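The same subunit A turns up in both complexes below, where it pairs with subunit B and then with subunit C.
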Partner chain A sequence: MKLDKLGRKNLPWVYLFILPSVVVFLTFYLLPIVTVFVTSLTRWDGYNPPTFQGFRNYSLLLSRSVFLISLRNLLWWSLIAGTLHVGFGVLVAFLFSRRPVGWKAVRTVYMIPNVISGAAWAMIYRFIFNNDFGLLNGMIRVFAPGFNVKWLFQSPYAFWAVTLTWLFYAVIITLIVHADLMSIPAELHEAAHIDGATGLQIAWRIDLPLCRFSIGTSVILSITSRIAMYEAVALTTRGGPGDDTMNIPIILVNAITDMNYGYANAAAVSMFVLGIVTLVLVNWLFRMNRRVY
Partner chain B sequence: MKKCTVFILAALMLVGLMPALWATAAEEEAEGPVELVIPHYKAGQNVGGKFFLPQVERFNTMYEGEYHIVIEELPQDGYMAKMKQLAQQGQLPALIEGADNQWFEDVMIANDRVYDLGPWLNSHQEIKSVLIDDALSFNTVDGAVVSLPQAVTRPIGLFYNETMYDPGKRIGEMTFDEFADSLGRNKIAFMTSENAWTTGLFLTGLIVAEPGGAAMLRAGLEDKVYDYTGPIWLRATTRLQGFIRESGSANTLGAAYADAANAFMSKSAAVIANGPWMVNDFTPSSSDKWSGGFNGNQVRGDIYPGNSAIANVMGYRWWIPASTPEPEREAALAFLEFMMQPEELEAYMIAEGGTAPKLQVSQSFLEQQAQDRVLSDLATAVNADTTFTVAVYDAMPQSIANEEFGKLLPKLLDGSFTPAEFLEALSKKAEETRM
Partner chain C sequence: MADNAPSVTRTALVRQAGTSKEDVKRTTRRILFGVFMYGVLIFVFVVSALPVVWVIMSAFKDNSAILSSPFSLPNQLNFQAFVQVFTLYNFQTYTLNSLLVASLATLLSLVVYAMGAYVIARFDFPGKSLFYILFTLTLLVPPHTKAQPIFSLILNLRLYDTKTALVVVYLSFGMAMSMFILRAAFMAIPKEFDEAAAIEGASFVRTFWMINLPLAKTGLATAGIMMFLGHWNEYFYAMLLTASAKHRTLPLALAFFTEAFSYDYTQMFAALTVVIIPGIVIYALTQEQVQASVASSGVKG
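What follows is the complex of A and B.
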């Protein structure tokens, strides 16, 4: 495309204003990513110079049961995140878009958990799931007095207990989808009403397809959060009991504790690759390269 | 024109920040006491903070206007990992207590990143003379003293509540079978979370009761143990599983240290394995931690059945990074000197127990120590035949001791793993730490 006179005159300014972003990207994103990729091929204790050893860290990673268990857990968590977690957030967004009585108050309450850090939530859940004085077992014991489950320390409950620490906190998803819903032209709804469509039909056949982008984006956010999920596991089960709730970030941090930075970075690369795969898959599934309107 | 204005405004904002940067630099150069910010776990609710924080305050008062130490609170089980991260970033504080031996030797000592305390000790013979010989020898690497060797040894044993449990005779004189019989329906405060500290101590006692167990652990201090499938481990772990399942307190599954201590200090458990620093929790000033009719004066101290106690003087203690600037190093050395004064060592032993074999203690110290029944119990429980041992944690690689042992224990407790399977899984994890 040929630039006109004004465009050519503005070009130095364009570059000047882009420059800080480019510098920040190169320094704080690209360089660390390249470093992670390169050092994943080395034996490195974090202090002495790394020594190249090819793909040994990757073959070790893939041969260890803890990595395979982590992948299995990630697959389950991703499925739950992409369906129940996102589904819940979308459902709440749809409810808010109908503006029922008291929706603003509910919205405020719904947002509150989002201002509490993940680490704090993990600690709160340790108390909620406590067998002796925890809220959950206390409520269950009202109906079943002999109930006795240590949620975070018994198989197979630990996996589900960790899942519950994030499952219903879908504020970001609700915000994204709600904003998308609000931008749907009112004429479409009016036309549907004139044609005799019910509220459910409008939601299913108009609103939901038109929110394809925001729902797809939410699925990407939700699954990548599961790939990088650390506090929810580290501060509750630390990957236990046994390896029941292990995930890749815990493998990464443990490797750092053992001064195996090359191995830790191989785990980091696997997270990076899984993130890219998620991005491509969700883009394809939600046809995010095609226009909505 | 607009762009020019925006650009000039942005430049002005940048220039506006400069005075702040200059101010920071100026502050660094300002006269005043040298301040040391030391991240440490002996703070807040940590039992070690009860003595350590007032000690720091005494130092600050003594050196007012010259040095000032600020303690930054860290969780205990993340302390060493944090130090490793700070070391990698070149941001280590001026004083660090303890070290993961393998990391300290392979990284810090091997790369000359530790300040040699040798010349300082030579110029402070009054300090050097009270250091335990084995500790000094262990801490001397190629002629350099890499960390301040211990002057005080504190045998780690167990505590019991005499209103709940009457052993009939000294526990150290019993076998583990006799101990199990004497317990009756009383419970032991075990842990299966964090690093399962109280459980690991009890396991140490069980291992030492096995022929060759103490020697195996001692060897593991220098060459970590990676294979736990041998008969000593198997027999000890089988007995541990029995104790946990038969005599473990109700909250054992998932219990962190606070839960175990709470079980003991609420009379839900009659016995807890722990070090003498826990006596702080038995003083009236800690009565807010008591419940269920517990009172600190009901507690007695003893060592493990089979006449063994955990006491490891061969470890790394306080050390100073070589990169520490001169003024801060002087402050750090002043603090070490302060801690090693006879009156501070005596105060430490009164507060947290232990003995200083080479220190000429005062009469008032002996009188005070005799008044503390628990410390007196511990001091008199050991005899010439007592086996002093290192803990299982000292013989395991860091991540196995701090992470995997505690993570796998729930499976041993709920029966998902047999002792053999538990040890096999632990060995597999340990082997994976070898790269």
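What follows is the complex of A and C.
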């Protein structure tokens, strides 16, 4: 690499400056990730040195119904996230782009659920779904007195109750897609108008395809957040009733608590793999490797 | 988009040629769309604001009012539950812990990543793009997957159940986002400043500290706000790495509190209010930065 004068003279300083970031990267990213992958192939309790046992943790994982249920839940949640959740965020972004009265206020308020703690949000929903004093049953009882459902603790409602804690909160998607919509040249819309296209046709045939990147990114973001969803389950249903709302992070934390580190890390690797599969699949589905303009 | 010039001319053309029946159809469609649009916007507003408003309102009501009329406004502004939460149940300790951990982690991150981003933005050196790519790729690592190694690392460093553990771990969280924002901030500063400083005989550190850092303050503020919010809200690692009440942060304390005092609704709502208000206030004061950084990078916290 060619070094400029300033750069060559300062090279020791440059490396000294980047050193802290490199140390953080090595200690908190590279080393942990390597540890996770390597020790997922071992039996390890944290005290005794890990002993290699091949893919036993993985076959164990796949043989347990709690993991299979987690995968099934993840599949459903990902489908809902990739369609309804992203769809809602995109819809709101399109409505914002028409600048209706008060859209900025709505945008500001829409952000609130995302700036408060995920733990607190889970609590709020635990209260909303509470059978005694919850907001939801309070509303239902206005029309049907005597109504009683423990949303978070009864099958099959628990799965849908957990889903509702995130389903409509798609503000990040709205902001990304809205930024993308704003960058579409106005001439395109004018040309389409002159050719006699209706608003819906313009949205469907021009805007949506042109926002492919931000929508694809949104799908990836929303599915990976489902893979890593912890508070919304741990602080509401803890995976129950039965294993109805189980997911992989819960399995991971339980395994750490049980000092079953190899098994925990196999679960962590499965999260990695699922994330990468999502990335590749969505990239291909949305043709994100091709240019838009 | 709906009412710009071409559409007006087009409507005029249609009006000349078309029938009044078509006009009616067009108007109905416009009204229906308006109803749909404002319906969705009102829905968005309600699902985002109502839960928070309901929680804050309930913190001022007594148990029986919470049970009998969930929608009623509180009769009086009774701060008793807040006083109890703070004085009897140690929420002042938890608040201080949260404040301490989040601010320290944010400040340290800003120093560490500003140094890194500065040299990446400013100088050519072997390994530069590799470092940048690796640092930003950390965005793709779900924080939970590193739970066991980080848990063991903290144990081995004898930092388990300390606030230091949280500061150190949180320090690593903002890496990708800070590099993103800060590198762009430093790249926007004209290089001539550095050259002038070099001619004047300013040292490397001085050039960074006295000239570049002040000029990058918008970027520093944005990265700082996003990181602070993330640290303030963090639950997973706080749960994993602390045990005693002495080192508990607010989100964790909230979880413990609602387990232990599930019969006193007013206090539960008060505790919840204490946890959510600071985040909302920080956001309200800095919404432009928060929204812009979310829109550009697609990450929060």
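To be clear about the criterion, the second predicted complex is superposed on the first by the 264 of 293 C-alpha atoms of A that agree within 3 Å, B and C clash if a C-alpha of one lies under 4 Å from a C-alpha of the other, contacts with A are read in each partner's own complex, and residues count from 1 in each chain.
Just so we're on the same page, contacts are C-beta pairs under 8 Å (C-beta built on N, C-alpha and C of every residue); 3 or more make two chains touch, one makes a residue touch a chain.
Nothing here was measured: the structure is a model prediction, and the numbers come from that model.
**Q** If subunit A is used to align the two complexes, do subunit B and subunit C fit next to each other or clash?
**A** clash
**Q** For A:46, decide between first (touching subunit B), second (touching subunit C), both and neither.
**A** After superposition on chain A, A:46 lies in contact with both partners, subunit B and subunit C.
**Q** Subunit A residues in contact: does subunit B have more, or subunit C?
**A** After superposing on chain A, more of subunit A is contacted by C.
**Q** With the two complexes superposed on chain A, say which partner A:242 touches: subunit B (first), subunit C (second), both, or neither.
**A** First partner only.
**Q** Per the contact definition in the header, classify A:25: touching subunit B only (first), subunit C only (second), both, or neither.
**A** The second partner, subunit C, only.
**Q** Tell me the contact category for A:13 with respect to subunit B and subunit C: first, second, both or neither.
**A** Both partners, subunit B and subunit C.
**Q** I'd like to know which partner A:64 touches here: subunit B for first, subunit C for second, both or neither.
**A** first
**Q** According to the stated criteria, A:194 is in contact with first (subunit B), second (subunit C), both, or neither; which is it?
**A** After superposition on chain A, A:194 lies in contact with subunit C alone.
**Q** Could you say whether A:150 touches subunit B, subunit C, both of them, or neither, answering first, second, both or neither?
**A** The answer is first: A:150 touches subunit B but not subunit C.
**Q** Mind working out whether A:132 is in touch with subunit B, subunit C, both or neither, as first, second, both or neither?
**A** both
**Q** So, A:259: does it touch subunit B (first), subunit C (second), both, or neither?
**A** first
**Q** After fitting the two complexes on their shared chain A, where does subunit C collide with subunit B, if the options are 204-212, 222-230 or 276-284?
**A** 204-212
**Q** State which residues of subunit A lie in both footprints, the one left by subunit B and the one left by subunit C.
**A** Overlap of subunit B and subunit C footprints on subunit A: residues 13, 46, 132, 253, 256.
**Q** Along subunit B, where are the residues that touch subunit A in the complex?
**A** Result: residues 3, 7, 81, 84-85, 87-88, 103, 106-107, 111, 192-193, 250-251, 253-254, 397-399, 402-403, 406-408, 410-411, 414, 416-417, 425, 432-433, 435 of subunit B touch subunit A.
**Q** Flag every residue of subunit A that touches subunit B in the complex, lowest number first.
**A** 13, 16, 43, 45-48, 60, 64, 66, 131-132, 150, 152-155, 237-243, 253-254, 256-260, 262-263
**Q** Quick check: in the complex, which residue numbers of subunit A touch subunit C?
**A** For this pair, the touching residues of subunit A are 1-4, 6-7, 10-11, 13-15, 17-18, 20-22, 24-25, 27-29, 31-33, 35-36, 39, 46, 91-92, 95, 97-98, 100, 102-103, 105-120, 123-128, 132-135, 138-139, 168-169, 171-172, 175-176, 178-179, 186, 189-190, 193-194, 196, 199, 217-218, 221, 224, 227-228, 230-231, 235, 249, 252-253, 256, 261, 264-265, 268-269, 271-272, 275, 279.
**Q** Any idea which subunit C residues touch subunit A in the complex?
**A** These residues of subunit C touch subunit A: 1-2, 4, 6-7, 10, 33, 37-38, 40-41, 43-45, 47-52, 54-55, 58, 66-67, 70-71, 111-113, 115-116, 118-120, 123-126, 128, 131, 134-135, 138, 140-153, 155, 169, 171-172, 175, 179, 194-195, 198, 204-205, 208, 229, 232-236, 240, 250-252, 254-255, 258, 265, 268-269, 272, 275-276, 279-280, 282-283, 287, 290-291, 294-296, 298, 300.
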